[in-house]
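Note that the chains are named A, B, C, D, E and F in the order they appear, and that numbering of residues resets to 1 at the start of each chain.
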Amino acid sequence: MRTRQAPQAEAVDWNGPGSSRIPAAVYVDPAIYARELERIFYGAHWNYVGLEAEVPTTGSFKRTTIGERSVIMVRNRDGNINVLENRCAHRGLRFCQERVGKVRTLVCPYHQWNYNLDGKLIAVPFRLGVKGQGGMPADFSLADRRLNPLKVASRGGVVFASFDHDVEPLDQYIGAEVLTYFDRTFNGRPLVVQGYSRQRIRGNWKLMMENIKDPYHPGLLHTWFVTFGLWRADNQSQLIMDSHGRHACMISRRNEVVDEDVANAASSYRANMKLHDPRMLDVVHEPWWGAPTVCMTTVFPNVIFQQQVNSLSTRQIIPQGPDQFDFVWTHFGFEEDSAEMSARRLQQANLFGPAGFVSADDGEVIEYCQDGLRQSEDFATLCELGGTAIGNTDHMVTETLIRGMYRYWRKVMEQ
Amino acid sequence: MNAEIELRLNVADLYASYSACLDAGRFDDWPEFFTEDCRYRVVSRENHDRNLPLGTMDLQSRGALLDRVYAVQSTLFHAPYYQRHIIGPARILSREGETILAEANYLVIRTKRDQPSEVFNAGRYLDRIVAVQQGLRFVDKLCIFDSELIPNSIIYPL
Amino acid sequence: MRTRQAPQAEAVDWNGPGSSRIPAAVYVDPAIYARELERIFYGAHWNYVGLEAEVPTTGSFKRTTIGERSVIMVRNRDGNINVLENRCAHRGLRFCQERVGKVRTLVCPYHQWNYNLDGKLIAVPFRLGVKGQGGMPADFSLADRRLNPLKVASRGGVVFASFDHDVEPLDQYIGAEVLTYFDRTFNGRPLVVQGYSRQRIRGNWKLMMENIKDPYHPGLLHTWFVTFGLWRADNQSQLIMDSHGRHACMISRRNEVVDEDVANAASSYRANMKLHDPRMLDVVHEPWWGAPTVCMTTVFPNVIFQQQVNSLSTRQIIPQGPDQFDFVWTHFGFEEDSAEMSARRLQQANLFGPAGFVSADDGEVIEYCQDGLRQSEDFATLCELGGTAIGNTDHMVTETLIRGMYRYWRKVMEQ
Amino acid sequence: MNAEIELRLNVADLYASYSACLDAGRFDDWPEFFTEDCRYRVVSRENHDRNLPLGTMDLQSRGALLDRVYAVQSTLFHAPYYQRHIIGPARILSREGETILAEANYLVIRTKRDQPSEVFNAGRYLDRIVAVQQGLRFVDKLCIFDSELIPNSIIYPL
Amino acid sequence: MNAEIELRLNVADLYASYSACLDAGRFDDWPEFFTEDCRYRVVSRENHDRNLPLGTMDLQSRGALLDRVYAVQSTLFHAPYYQRHIIGPARILSREGETILAEANYLVIRTKRDQPSEVFNAGRYLDRIVAVQQGLRFVDKLCIFDSELIPNSIIYPL
Amino acid sequence: MRTRQAPQAEAVDWNGPGSSRIPAAVYVDPAIYARELERIFYGAHWNYVGLEAEVPTTGSFKRTTIGERSVIMVRNRDGNINVLENRCAHRGLRFCQERVGKVRTLVCPYHQWNYNLDGKLIAVPFRLGVKGQGGMPADFSLADRRLNPLKVASRGGVVFASFDHDVEPLDQYIGAEVLTYFDRTFNGRPLVVQGYSRQRIRGNWKLMMENIKDPYHPGLLHTWFVTFGLWRADNQSQLIMDSHGRHACMISRRNEVVDEDVANAASSYRANMKLHDPRMLDVVHEPWWGAPTVCMTTVFPNVIFQQQVNSLSTRQIIPQGPDQFDFVWTHFGFEEDSAEMSARRLQQANLFGPAGFVSADDGEVIEYCQDGLRQSEDFATLCELGGTAIGNTDHMVTETLIRGMYRYWRKVMEQ
């Protein structure tokens, strides 16, 4: 953040206690954004940092970002995973530049201060001076400075971290309802990374969370979903939240038969559409799914877990100011996957990511939302599909998950 | 000898026609540059260098290319933009019987309405090409892009 | 605008009530700019949006921008022209992306909310829910939300709009003096668009208004004008303003004979200059001109109407922050033009636009003005050619029109 | 046969020489690339695609090119800048007797004093070329630029 | 005749191979493109046009190139980045016996980790080339860059 | 600067009176930066503008920048050097666009106001009107407006300027201690410019000053220095400051023999390294050096004078906001140099500049410092090598020069 301390954000006018009409300022105001960094990304919340599989052995590291702060996820000598802020304790260098690698210690290039894999300072060149001259003062101890360590929690191979060491335990943070679906995918099976996609989207970071908490749009914006019944307003489905309403799952099941009314409602429906190469939708039901064929899980504030038929990914949100964010996709499978299943996941990955048949347009609409919200401060959105109440449902014709997130946001932000 | 020289010129022409087709938005003609059993892959240099199999696009037949064209034209909502390919000198790397392995660097400039032109995507084509009656066709087209951050989305083929 | 509400701009020091010495802050201060958007572009002023000829039939639309807000000019079923803010009433999407087109209704892609050509909301998918579940609340009525409509006025085929529905009538706004010259060009003859030019200029938007209210520079900066007598300090001419001094016309007549003193005064004068291809200046006097061969009309805040011999254009100003603006040229002719005259207008268009022999350098000097004004806040310009008074003149050796604009600006801005 | 091949190479050389001339600021030599009765037009893709006749520059004889050069060098006040043309592979589209119809994509990078190099203008050349004694000359040169927003002004030819 | 034509194509190939080598980060192979007694200079257009002798890099033998490679790989601390050269059509300016004088415009796009691709350096190669047994080699390679402001540092060769 | 007046920068928390722990805000806060421009670059300090050799004769000029204000260094008819702000007194144009040149007068293109080489306004076109109409008011005198002149001082061929005419004399400003070393290079011998390098570095401008006041890093970051003994922690050396601690010299002497301990301390040491082309280090001792082989002089706020064996340069800092600056290298030699020595200086220039073997990495680390310092405002650096005291030393194992600069900075900035 570039501002001195979270500036006093002027109170935004919500017209009452509700969270169904979100004022434009919530998406554009730099002061609000600065407070979001302080209270949400650097506060008592768990942020996704990566998968254990990305740092397989001692010294393996992955550099990533929480809010706007660079951090290093590294496996230490005991095989535990540390998350350390990427900033030298001497003169503040963001010293780690490579994205992944393997190291014995962490060395800052400027003056070669040396840290072990737990972030402890272990060596300072010329600390005792040279020929009895100079060096660090007598009262200096290596214990005085270190890399800023984050609190770390890992579950089912997924690693989270928090700048606030007083954050509640991860399972409690996610909450039992959502945890059930988190565990459905991440039940301890070894994971295999299939690759990454990286986008920079010119919109406020919350718009991406809204997008994945919005079961209203897929059947309308994403023609593919409609036409192939992967997602339709009439699909059997469930929306669940944690008790705060900050996290959520959208769970549904595929349906080959198209409901007339729904098809008609969606002008995007193409009855006659056929794939020339059907392999992209060669879906095979996996036992661990159970009934649902899709489960989109949002864990506030910075990650989405995708299971869309056979395609699996984590999607990480890295805010870059109030009006843009980076969106990092990590596609994965399981060690237990057959070659056919691995290939299938890759085939279906054509639906997702920056060029995906059913996700490229999400990035586009988010950009136009930001453009529209920027136009004037007197505007507020209307998220009242399904009313103004907040609660789990067994249908998808509601914006309740969005209302839930903003109810929590108002509490944390005191806005 | 002349044949050899002509081939080198024809490969250059192939890249010129290919980019002209895409930059004019003639997407219906795009699959014509490929063989029936072609493969078209767009992959980040990161994934490529680390041998990670994920592609940004991974189309495994000309049929899949037609499906992409349909999506671009009918189902993928997006803000219209212009593409402009600037392709460097192509180079024939090797020959395996009828098949030519060729590579060329490319840069795509994107222009959205009311916006300045911007660097959109830069990388390298690594292609397997065959000569058919109507001319040269791609059996395999691999677009390995350096660009770490895709500016929102890639709608049109590269 | 990115700020919450027009921030309290600190008063700028004008050293008294005059408007002949403009403080640098007026061009660079973000807070002043934010207030300009609120009070000038979004306030009780008429903004140019386009020509009726650009939306010939029902459903024809053109997307453009007023201040920083995107708007859609569209012809409705009654053949009337509406101007609607380009922002969906649901979640704020700036949904219209194409610049021109023809539609039956306006549909937002995200959830397919559907608006008619008057901006009325006519359909909301799944409004009544699906299988009795979800949907919009009982008390929701389509009448509750709509696209934000602007007030529209059209005269002589030129369309203006205002965000403030209490704005005075257009003719009164432009004022009788200027209206005479507006009507001289736009007397109801059908117009034909010959094409567009678009520039982004790194300078404050007012610098462009100053440029076209400044009869002092053409004879000095634009060698072409001097040399070919299209514009010279000694040309017979008139400067007129509306009663507020916000709008103006610079009217002059061409003069083949060069006045010695003037030629000498202008070091840019090239006596020996000859065109290798004289067609670019094959001027033919058009009856409707009357005596004047040139009339440059500025209608505050966002448009310039150009008649320079046979070349006609509207020039629209779209501010982009305090230090840059987009400048959109619409060159036009008349349906009644002969083929020769159309070709002539196009030939003479070489003088104008981003590469124009007598206008490319206007963009350049505006950029350097902004650079100089940014250097320090203690600087003020000196616009006292012709003294400090404000009034119409029958000569061009004065900066009175600039003083007039800033007198009005100070009133509106309370600065 | 050889003649054919050589022609293709000479067309490539023509574009190379053309950009070298402009990028070196040798504007006096620029008209030499054109025939006496040439036409040089710079037009936005928007106007071109919508069949709107307005050009950003529309010079209808070599004389008019000389007039432009004079303006660039003597009358058009502007901040000095460097141009750098990067031209993609040129392609011969057709032949009408002596006249070659050719096209090539181009990108112009602008560098102003003390400023970073930036994308200035990107588009396509669509040219009619004839061979004269001294070599190839443009009869018709059309620069159709994608770039929606011209960054202030275009002073030098593209 | 054919030899002549082939030479022109080989020069184009030389530039293609040269950029492929650098863009792939195969710096160990880079000196192979030069003769033993070569000179490699990177100089700003400002210095070049004003006849100021300072170069940004001025390596006066293949040994000096090896020293640069060593620095790039072992001693020069820097953030890793990708280079992508887009080279325009090369042109043979003259021949002096065995030596070819050639030039080509170039654009280098830089991509740093987690950053958008950006215009890094644009300019002109002005090269003296000789044919040796293994192919064409640079005796003299001059990179004259327009880019007024180097975005921080130039680590890899251009 | 873009802000109205230097905004009230909130006090930064330094935890006491010291200057050894620099708070992150000092590098990132826009309000602090705005005050730096006012008090440091535009205040009572001398800024480097260039070398007399760059403007050899009457009318020769060089355009450059102090802080963010463009200035023109020009030699007048008396052969004296003026430094004038590059901003027209009429409407503020930054009229001089070329970097160097030769002129008879300074003319602004917009309306051809004409200034002599002392910045005096000598001609205003149509000042007396045309045919008795318009023109400047009767009370207008050419003496009323002029180009803003800076105070100028030149020593040994090096030109400095200040916006504050009450600045202390240059020799007093630099101070006797540093002056000795300044004069060592600039003893009046005619200088010859060998060329320029220009970088834009994404870091706060002070980080570059720190870098050249930091004898701790060269032996660790710059492998070349270590390996060839050009710079090592054990080299005989001296650090000296002016009485304020704002300027400094790092003086050292080359040493072929590598001290074991030091070599071991520096992991960057390469014992086996050999140059394939040794000419780059063909050092020849010049008589005027005396014992030292290197002397790096920092004159606050905007220049570094480099003598590194046979390579000589001035390095100018031009801030561009709090988080980036331009860095302009002027390499030079002496008229008295033999051809061999000129060639040698150019060869050794391979070590310096944007691609230099021992300076390209300085730009890199400065960028990462800024990145790290931006991460959170609660961070402070630790510059306590050699303790917290500030004073000259005869060794290099100390950060005393950095502490000295910030002690002065706190005083001037009242922070």
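In this section, contacts are C-beta pairs under 8 Å (C-beta built on N, C-alpha and C of every residue); 3 or more make two chains touch, one makes a residue touch a chain.
The structure displayed is predicted, hence computed values, not measured ones.
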Touching both chain A and chain D (chains): B, C, E, F
Longest centre-to-centre distance from chain D, chain (CA-based): A
Copies chain D and chain B - interface residue numbers shared by over half, same or different: different
Centroid-based (C-alpha) most distant chain relative to chain B: F
Between chain E and chain C, distance of the C-alpha-averaged centres to the nearest whole Å: 48
Chain centre separation in whole Å, for chain F relative to chain C (CA means): 44
Chain A: positions in contact with at least two other chains: 97, 99, 109, 198, 200, 221, 268, 326, 361, 365, 368
Residue list for chain D, restricted to those that touch at least two other chains: 2, 5, 9, 77, 79, 86-87, 89-90, 107, 113-114, 116, 119, 148-149, 151
Pairwise chain contacts, counting only pairs that touch as defined: A-B, A-C, A-E, A-F, B-C, B-D, B-E, C-D, C-F, D-E, D-F, E-F
Sites on chain F touched by chain D in the complex: 65, 97-99, 109, 198, 200, 326
Complex contact set, residues of chain E against chain D: 1-2, 5, 8-9, 45, 86-91, 103-107, 119, 121-124, 146-149, 151
Of all residues in chain D, those that touch chain F in their complex: 77, 79-80, 113-114, 116
Residues of chain F defined as touching chain E within the complex: 99, 193-202, 221-224, 227, 268, 270, 273, 275-277, 279-280, 326, 331, 342, 346-347, 349-350, 353-355, 357, 360-361, 363-365, 367-368
Chain B to chain D touching residues, read off their complex: 2, 5-6, 9, 12-13, 15-17, 19-20, 23, 82, 84-87, 89-90, 107, 109, 111-119
